[in-house]
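As written, the chains take the letters A, B, C and D, and residue 1 is the first residue of each chain.
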Amino acid sequence: MNAGSNAAVTSSELLAAVASRELAGKNTVFAGIGLPTLAVSLAQLTVAPDIEIVYESGVCGAHPSHLPETIADSVLITDSEAVLSMPALFGYVLQGGRIDVGFLGAAQIDRWGNLNSSVIGDWHAPKVRLPGSGGAMEVMANSREVFVVMRRHDPRSFLAELDFCTSPGPDRALRDGIRPRGAGVTRVITDLGILARDGVGEELRLVATHPGVTVEQVREATGWDLAVADELTTVEPPTGAELRLLRDDVDPDRVYLR
Amino acid sequence: MDNPVAASKPPVRRPDKTTTMREAIAAHVTDGATVALEGFTHLIPTAAGHEIIRQGRRDLTVARMTADIVTDQLIAGGCVRKLVSSFVGNSTAGSLGELRRRIETGQPEPLEYEEYSHYGMICRYLAGAQRLPFYPLRSYAGSDVPSVNPDIRKVTSPYPGPDGAEEQIYVVPPLNPDVTIVHAQRADRAGNTQIWGLTGIQAEAVYAARKAIVVVEEVVADEVIRSDPNRTVIPAHAVDAVVECPGGAHPAFAQGYYDRDGEFYRSWSHISKDPDRLQRWLDEWVRGTADHAEYLAKLGEETRERLSVGEAWSQPVNYGRRQ
Amino acid sequence: MDNPVAASKPPVRRPDKTTTMREAIAAHVTDGATVALEGFTHLIPTAAGHEIIRQGRRDLTVARMTADIVTDQLIAGGCVRKLVSSFVGNSTAGSLGELRRRIETGQPEPLEYEEYSHYGMICRYLAGAQRLPFYPLRSYAGSDVPSVNPDIRKVTSPYPGPDGAEEQIYVVPPLNPDVTIVHAQRADRAGNTQIWGLTGIQAEAVYAARKAIVVVEEVVADEVIRSDPNRTVIPAHAVDAVVECPGGAHPAFAQGYYDRDGEFYRSWSHISKDPDRLQRWLDEWVRGTADHAEYLAKLGEETRERLSVGEAWSQPVNYGRRQ
Amino acid sequence: MNAGSNAAVTSSELLAAVASRELAGKNTVFAGIGLPTLAVSLAQLTVAPDIEIVYESGVCGAHPSHLPETIADSVLITDSEAVLSMPALFGYVLQGGRIDVGFLGAAQIDRWGNLNSSVIGDWHAPKVRLPGSGGAMEVMANSREVFVVMRRHDPRSFLAELDFCTSPGPDRALRDGIRPRGAGVTRVITDLGILARDGVGEELRLVATHPGVTVEQVREATGWDLAVADELTTVEPPTGAELRLLRDDVDPDRVYLR
């Protein structure tokens, strides 16, 4: 199974490698299963050896014997360092301000990094009923910053106007009269490139594209008039070392490296 | 410090709350009641949900943070009028067919849905358990959720905020279920309940409720519980009925007893997608089985073998004994 | 489900936060700081208190629910400007001489005292740990305590009360100590801390603090902690320093390690009654010892033997292992 | 050590026996160490076999090998059924309304059952600084009813006007605009007799005296104009069976049976 680093780089490998680099200097990450796990596991082996993943299920310091299938997988619990109750996890860890980076996904995102994971269409008579917030609203409100990983950058997901805002960024909180605690979404990592913003009052702008992707392609895939950074860069593809670690150590059986 | 209690002292009498699943559901789950079924992916009270379907309860308000397969089954079983939840999905394995049909098309009848975030639900249980009129939390600021859920409101803090200005915060109201049902690894006959692995919101959901049913993998001797009182997540005084039902969390898992049935999770998207197929599944597996023992027998030895787990024992700690 | 992580995977690196008591106090307890010392009768961080006295810290605000002997010693040591507490007494064994002198006579200098009830203090830590602007509780209604503590205020609930009328409730503000110090049975080098027996308010006091020092009977191998993750009351991410200090809770007890020194508790009323005798005691036992190991040696073998406990081991539980 | 029931009845035995009888039909008791423990232990052997003591330290269902010296004694923990954290004990059990009877003591009590355990004199410059509330305020506010046991019935403790009200009964709560949850003090058991009240709006009245004690004695020992019940009774002294259980089973080494 140990593929050499010459095999073609998959989209998952690309996203995981790019996301992992953004974790340099971070201590605590709130992450779900899949791409975020891969990114954090890779970061533990490269730029952030001390980084700790906290799972929504309450697990801290997991040492799983197998790659977990869900955030509550039994292999995350056995041999872990701590398992917290829900009030402790959400109250003391998340709302307590202990998370540096929260990873979130969503069905829809807007230019301010607001997220919709509730419905497509009208909430009262939705075209599609999505799972809803789960803990996403809390991750957004309380993490120092939030990274969003989107496998597909297209206008159905990158909207000028959300159908419904489940998890608001700090600008919406401010307009609601409440002082936000975190910066909201600071990085959106997609199959086309990286969007970024620093915090309140800033909208997402394109800061990097993957090799071969044009600015126009990204702007067309985005449902609003996407701003572009003055110093636009090209994303460095996964290095040989990153690919080897991902393929040989992090996910040798290709559970998430689709 | 040499005051041993006389050896002749009679043992303290403890009430015996053990009963059958049939009796527990019949006694404590009534039509129209608000029923909390909790267990965060781990220790989901599936067997109790099935018995509610078998007994044909109607018009329930079901509270459950992660509304997943058992919730979809209860809705399809015609038991549920309203759902209070913060996540409606089949874990990472797909959709809940019946729930989506009810909400998206209103067919065969509409489902009332009260939407919260996870911490919103947690705080509702916290307020319920603590008999508080509300519980404050730093979620919901700028969200559209309060616009579709008028029970999420704001309070002004009587202390100045970090910038010296007045500070507002959202609050949620208490949730006090008529009955809370949880699944656990073990309990004694009086109801002292021990859980390890993910402990979730079970204690708060039980304390918030008027009545509580604890379903366990094993009823154990008092001495087992009392060898490790810190492991008791739910004390006897909060429990009304103890039901021994091994395997009762399937397809969810019970840490140290059996693993999650990922195959079943993946199959649920297909089963639930077609309303007829879903009803046939309920007829065969729930309405067509007398109890959970029959359901498990039907599941078969091979599945149970596939889900079995090995050993990883905790190292014991010394509680000490005065000499 | 056969996806074992490659055996070649390098182990995750965990930071090593172990240090000496001297260094931990020097680094994290500064003059004028707010210091929470918690432990509800069990696992009182006495040795840490003594080191604060040795290092001559001044003007501290000390938060402690049950202000007992170590608090009286810190006050007599000249370290404390203000005390925030809900019970000022020497357990069931008598009075705190120095504290009473300071409050009743203002001699040798006055002590600021902020009075709460136990649950008021608990809710202050809960608000601090949860970064809430306030925490509501059903205490204080009709009490004179709010008249002498203006930080205890009222909020109006945005939901109607049980009788349909507007409902008011008292609230307390968050307590966010600059540093919280707790004593525990064991931790790993990264700070994952396990406590059994009375667990009190330690987790909340640590999460509420900017920095946390955990003093333990034993620093143990990672494998010991990881064999029972539910026993971890304080996870590593909330801990800044781990100090191994066996016997560090004396005269309080550490469940399974040593018992409470009732004789010392009873003697404290007499020691603390006379300010000169109290200072001589501090000179001899605290300022005159280099560290807690010397204090323990001075205490002697006989006392340690008297406080030793027998065995009462918890029965292990199986966390399970995927096969 | 096993004294026969012929030995003179001590004040502790009298108070414990009388208090134990009041526990018939109760399920959960919040009790401190000393007389309340004796009373509940005796009730477990007589009128309330299923009754559970919850201790302020968080211990539920204790089965101590030795008589405990404090509410946090290690012998209460070993072999107990559950140990709760402080937030669970005070939040879920006490404020959650799970306690039928709370036992309290105090330095001062008034006719409404309000209690002072903070100071003698002015709070800002007290003659005596007492321990303060501890959990007494919460026991008062949240238990269905409260029993007070006072070893000495005298005008220094039974006052028309408290120096300071630490733990208020429901009448003071109502005047503060807050609807009380419990009845407050319903029984005060002293060395002279029993005072009782039912709840809001009622003051304590003398309902029983110990054999040989006159109404006048009790009224003189009380700092207010004590009301007397129409049907005043005489307290039945501890029975032989009660004394045997107290002396032989509950406290054979006379730790609290002073």
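Methods note: a residue touches a chain if its C-beta (ideal position, glycine included) is under 8 Å from a C-beta of that chain, and two chains touch if they have at least 3 such contacts.
This is a predicted model, so every value here is computed, not measured.
Mean C-alpha positions place chain B and chain D at a centre distance of 38 Å.
A straight line joining the Cα centres of chain A and chain D is 57 Å long. Rounded to whole angstrom units, the spacing between the C-alpha centres of chain A and chain B is 29. Shared contact sites, meaning residues of chain B that touch two or more other chains, fall at 1, 126, 131-132, 137-138, 161, 167, 169, 196-197, 199, 203-204, 227, 230, 255, 259, 262, 309, 312, 319-322.
Listed for chain A are residues 59, 69, 74, 77-79, 83, 91, 95, 142, 181, each touching two or more other chains.
Taken chain by chain, the contacts fit none of the simple shapes, being neither an open path, a ring, a star, nor a full set of pairwise contacts. All chain pairs that touch, listed by label, are A-B, A-C, B-C, B-D, C-D. Taken in their complex, chain D has these residues touching chain B: 27-28, 44-45, 49-50, 52, 54, 59-61, 63-67, 69, 74-75, 77-84, 88, 91-93, 95-98, 142, 181, 248-250, 252-253, 255.
Interface residues of chain C, counted against chain B in their complex, comprise 1, 131-138, 151, 153-159, 161, 167, 169, 171, 173, 185, 194, 196-197, 199, 224, 227-228, 230-231, 255-257, 259, 262, 308-323.
Looking at the complex, you find that chain D touches chain C at residues 33-34, 56-59, 69-74, 77-79, 83, 85-87, 90-91, 94-95, 114, 118, 123-138, 141-142, 164-181. Chain contact summary for the complex, chain B toward chain A: residues 40-42, 65-66, 85-89, 91-92, 99-100, 103-104, 115-120, 122, 126, 137-145, 148, 161-163, 167-170, 196-201, 203-204, 253, 255, 259-260, 262, 309, 312.
Interface residues of chain B facing chain D in the complex, by the touch rule stated above, are 1-6, 8-10, 12-15, 126, 129-132, 188, 190, 192, 203-204, 207, 222, 225-227, 229-230, 232, 235-238, 319-322.
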